[in-house]
Amino acid sequence: MSVEAIWIKILLFGACREAAGIEELDYQLAPSSTAESAWTELKNRFPDLARFDRSILMAVNEEHTGRDTILSSGDTLAIFPPVSGG
Amino acid sequence: MSVEAIWIKILLFGACREAAGIEELDYQLAPSSTAESAWTELKNRFPDLARFDRSILMAVNEEHTGRDTILSSGDTLAIFPPVSGG
Amino acid sequence: MHDIFEITREPIDKQGLEQRLLTGAAGAMVTFDGVVRNQTKGRPVVTLQYEAYVPMAIKEMERLGREIREKWPDVDRIGMIHRFGELKISESSVVIVITSPHRKVAFEACHYAIDRLKQTVPIWKKEVFADGEEWVEGSQGEITKQTI
Amino acid sequence: MHDIFEITREPIDKQGLEQRLLTGAAGAMVTFDGVVRNQTKGRPVVTLQYEAYVPMAIKEMERLGREIREKWPDVDRIGMIHRFGELKISESSVVIVITSPHRKVAFEACHYAIDRLKQTVPIWKKEVFADGEEWVEGSQGEITKQTI
């Protein structure tokens, strides 16, 4: 990875957290990585996440966001299934 | 009044009660009198009730009823303005 | 069925009513609480005075309960308490609680219940202002049309 | 504005929430209380486990509050408390209170609030049965469409 690599924090919730067996990770990514590319790396590391591929939602810094969002160093990327509170 | 006269109880509520200055009366009526005829007699006795003529509602024995209901001895006739609870 | 229909002079025990109605079958409880507002059309209200034809009011609430169960068979429990006498600002005049497995039925039935209660249950209120008092006019004719 | 948005592990103090929100301007208070049902599709439930992304959940509830005030400017106060952790049958997972001068607005806004909360606020629940457990599936895609 280049010297301009970015560090982000990834949070997992609900069934995603349970499938990965972890709720929080610090992650190094190439510059200009998208939320989607972070997800791809995460799936490689935790293959049980693959089944959520079509359903997951994402938030960056506590705001709902799309998968094509470009991440910056210090961002918190949350990945979770559709919400089911109430 | 004939020997077959009927006795009913009349209850007044809300603005009607206040206008008549009374909440309960025992009343003697001719046989086969209607609720409407009881109301007419009541207005004669308490002229301040006349202004409610178009708006009053009636109940006989605690059931909403129309003005043409024929009364029987022992009935309770309640007369009141449109309800405004809640 | 353990529905609750009451007319009382005492302050309404809303929490108690809710607890008496809650069963394991309920997933949603919707509560309507009618409270005394501090003004009517800009005119400050001092108190509201409620008058009830008590035995008939209870019968009409029970009738309304049956009507609700016909329209929304999924309703689990129904509770209605209406207070009478003199009420101060922010005191509750009426509380209606509906429970059901899912929320849509509870919302619809509770909204319907208070709308109908205001048309059919024989209770009247008078607004007391600093400089006078006025009976609140009910909406005329709706009882006749719908319940006789 | 003194609206209330909270996420808590403790039992929800519904009565306390209602009291904190009641002002003299209110004539109607509508409260939605979501409680744990004893079964799902006939299968007995033992407990529900709720998980929340707390800081984001608060932000989303605040956003929902702003959305409600835009749609219903007559709303007086908004309160929402969602609980997380392990909940038993008949315990409240979420309570939403809306007050307004008149009842229609309070009913509509409260119903809308719980519908939207279930689409946008990052909270998840798992049903625990006697013989296993299952995450409840949320309705997908509705957040994306409506809030981004």
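Odds and ends about this structure:
So that you can tell them apart, the chains are marked A, B, C and D in the order they are listed, and the count of residues begins at 1 in each.
Keep this in mind: contacts are C-beta pairs under 8 Å (C-beta built on N, C-alpha and C of every residue); 3 or more make two chains touch, one makes a residue touch a chain.
In this text, all values refer to a predicted model and were calculated from it rather than measured experimentally.
Relative to the C-alpha centre of subunit C, the farthest chain centre belongs to A.
With centres defined as mean CA coordinates, subunit C is found 50 Å away from subunit A. One finds 24 Å separating the Cα centroids of subunit C and subunit D. Look at where the CA atoms of subunit B average out and do the same for subunit C: the two points lie 26 Å apart. For subunit C, residues that reach two or more other chains under the stated contact definition are 34, 114.
Not a single residue in subunit A touches at least two other chains. Pairwise, the chains that make contact are A-D, B-C, C-D. Residue ranges on subunit B touching subunit C, taken from their complex, read 11, 13-15, 17-18, 55, 57, 59, 62-66, 78, 80-86. Listed in rising order, the residues of subunit D touching subunit C in the complex are 14-15, 18, 22-39, 89-90, 101, 103-104, 106-107, 110-111, 114.
Against subunit A, the residues of subunit D that register as touching in their complex are 34, 50-53, 55-57, 59-60, 82, 93-94, 114, 117-126, 135-144, 147-148.
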